[in-house]
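Before we start, here is the structure in question, set down as structure tokens.
We just call them A, B and C in the order they show up, numbering each chain from 1.
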Amino acid sequence: MIKLKPAVLYNCSTKIKPIGIFYLVQYTIFALICIIINICTGKNQNGSNGLELCTIVFVSITGVLSFKEDFKTLLQNGYTRKYIFLSTVCMFVTITGSMAIIDTVIGNVLHHFISGYNTIFGMMYGYDNLLLNWLWLTVVYMLFCSLFYLAVLVINKVGKMTSLLIGVGLVGVILVIVSLFRFVFSSEIVSNIMRFVMNAMGFMNDGTQNLLFPILSFFGIGFVLTVCSYAIIRRTELN
Amino acid sequence: MEAIQIKNISKKYKDVVALDNVSFSFEYGKIYGLLGRNGAGKSTLINIIANRIFADSGNVLIDGISAKENIAIHNKIFCMSEADLYNRDLKVKEHFKWASRFYDSFDSSKALEIAKQYDLDINKRFKELSEGYQSIFKLIIALSLNVPYVIFDEPVLGLDANHRELFYNLLLKEFEAGQQTFIIATHLIEEVTEIIEEVVFIDKGKIIVNESVETLLQKGYSVSGSIKEVDSYCKGREIIGYDELGGLKIAYIIGEKPAMSEKRNLQISTMTLQKLFIKMTNERGK
Amino acid sequence: MYVDPNIEKPIFIQIAEQIEDSIFTGIFPEETQIPSTNEISSLLNINPHTVLKGMNMLVDEDIIYKKRGLGMFVRSGAVKKIRTKRKNRFYEQYVEPLINEAEKLQMSKQSIISLIERGYNNGSHTD
């Protein structure tokens, strides 16, 4: 791993500025809305919940932007695809992990001080465990990061036209599955599937919650997506 | 010593054959000219050596080891490319800083020194540089790296005469200072004739010449005189091209140059590398 | 010092001739150091191997010699050696082409000889 560290540093360095701008804009707007509501209603209320959604959008964009320019620069500097891939994954972990810390801390602070503000995690699982909150957010961010990274790799590999067809195909598959649920599957199968999904999200049949399940599920999906990305980038040429 | 071995490399783009079963070697410690017309396959070959694209078949060995996806090998070779692979938003001095992180052998003080010689403003962002200065920036990186193999792809693109002269000068200084192999891919043949020691002609995806400049120049000559006499002289010889000027005909011939006084009415002269190249890469005998 | 890529002679021979000429005219006196390969290479933007080849020609002729770790030096007696060499080459370098050209112009042997005599008479050439 002789040359991995500078590559990870480089990948992170190109993202630090956008992250700063992102948080600045997000909290400025959030604060403005709060102030306006305060002035208009005279209540200490807020206008929105779950700011993590914004971060999800942001990390998805990061995933998209983590290929082309960085790939070129690192190739020019003698990096092989394997190292480029590893450095990108390391960068994803660093960025999603850090952003998850920020969002966990700020989200819980906001929840404490502003009545009615909820984080996504809090709404689903409560506010008891900060560590699991952070871990859960990290794997969710990682999932979106790797999903969009894979998407941009696929688009680069097969070209815009083919990607569009793949996209249309995916929409078709989703529509078919939805109609399968409505008309073909028996209610028993549907409820089994629903139960499986609920379990995977950590809501157990006996009404308790198991947070390791969703973390492992998201991690698993993210891992599969990442492996697919590796399979593609190994065959990617400079164009 | 065969430093970079190209073995049976082929590459196709859709229907176009970019490289057709190319095999040859670059030896260690020399300056090579990789000469070819636009679209001859120079950049494709360099991109394959640099691991930027993959060959359809064949292999590139550097110091006897396959170069494909081998990071240890790519620490030893640097390919300055014609295409822009640099982050356009970074400042020149930031690029220098990253180069010294990516490569142990990058000499930052040398880079700053050369930048000064070229009057390059290191506080400018890459995208703010003119085309010439973008080339200069890329040259500085390549010249400040002490790796065994450095490949320049169209190094003097957009440079004025003074800056080109300075580049050749710096290149020779680097060459004298260390045990490096330089490969210059260019279409400006005349300019590099005295710089390079070995020459590789590439044409339509094939290597048509690979030898020392001196040997090559001794291989060809031109004969001029009246059409009739030139034609009769040319019988049975290997002709690579003709030029005609009214009644005067010039034939370009492959073979050992004869003594001057063999035919008094014919003028025999050596060919320049450029002329030889042009005649060899045009349709033969036309 | 300069080289001309457009004339017939290979560059390394041009280099050798120029160094030789500088020795002959006393720019580089005997037993002094001549410029290094690298200096000449940088000055003229020529591959150092080419320059070295030119120098080696002079080493072979025993006009210059290598002092280990110091560089190339002019051999004592080099000027005399160069003079002898040039005298020996005078015929093929100047007389042969002269006769060739004269034949193209259909000039007689006698007219050439008288031209040479005129040359000596016009200038302050003695000897």
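The definition used in the following text is that a residue touches a chain if its C-beta (ideal position, glycine included) is under 8 Å from a C-beta of that chain, and two chains touch if they have at least 3 such contacts.
Since this is a predicted model, take the numbers as computed values, not measurements.
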Centroid-based (C-alpha) most distant chain relative to subunit B: A
Chain closest to the middle, measuring from C-alpha centroids that were averaged per chain: B
Between subunit C and subunit B, distance of the C-alpha-averaged centres to the nearest whole Å: 33
Subunit A-subunit C separation of Cα centroids, rounded to whole Å: 78
Distance between the centres, which are taken as Cα means, of subunit B and subunit A, whole angstrom: 47
For the subunit C and subunit B complex, residues of the former touching the latter: 3, 5-6, 8, 10-12, 37-38, 41-42, 44-50, 96, 100, 103-104
Subunit C contact footprint on subunit B (complex, rising order): 30-31, 165, 168-169, 172-173, 175-176, 190, 193-197, 214, 217, 260-261, 264, 269-270, 272
Residues on subunit B engaged by subunit A in the complex (per definition of touch): 47, 50-54, 69-71, 74-75, 77-79, 81, 85-87, 98-99, 101-103
Residues on subunit A engaged by subunit B in the complex (per definition of touch): 2-3, 6-7, 9-10, 14, 69, 72-73, 75-83, 234-235, 237-238
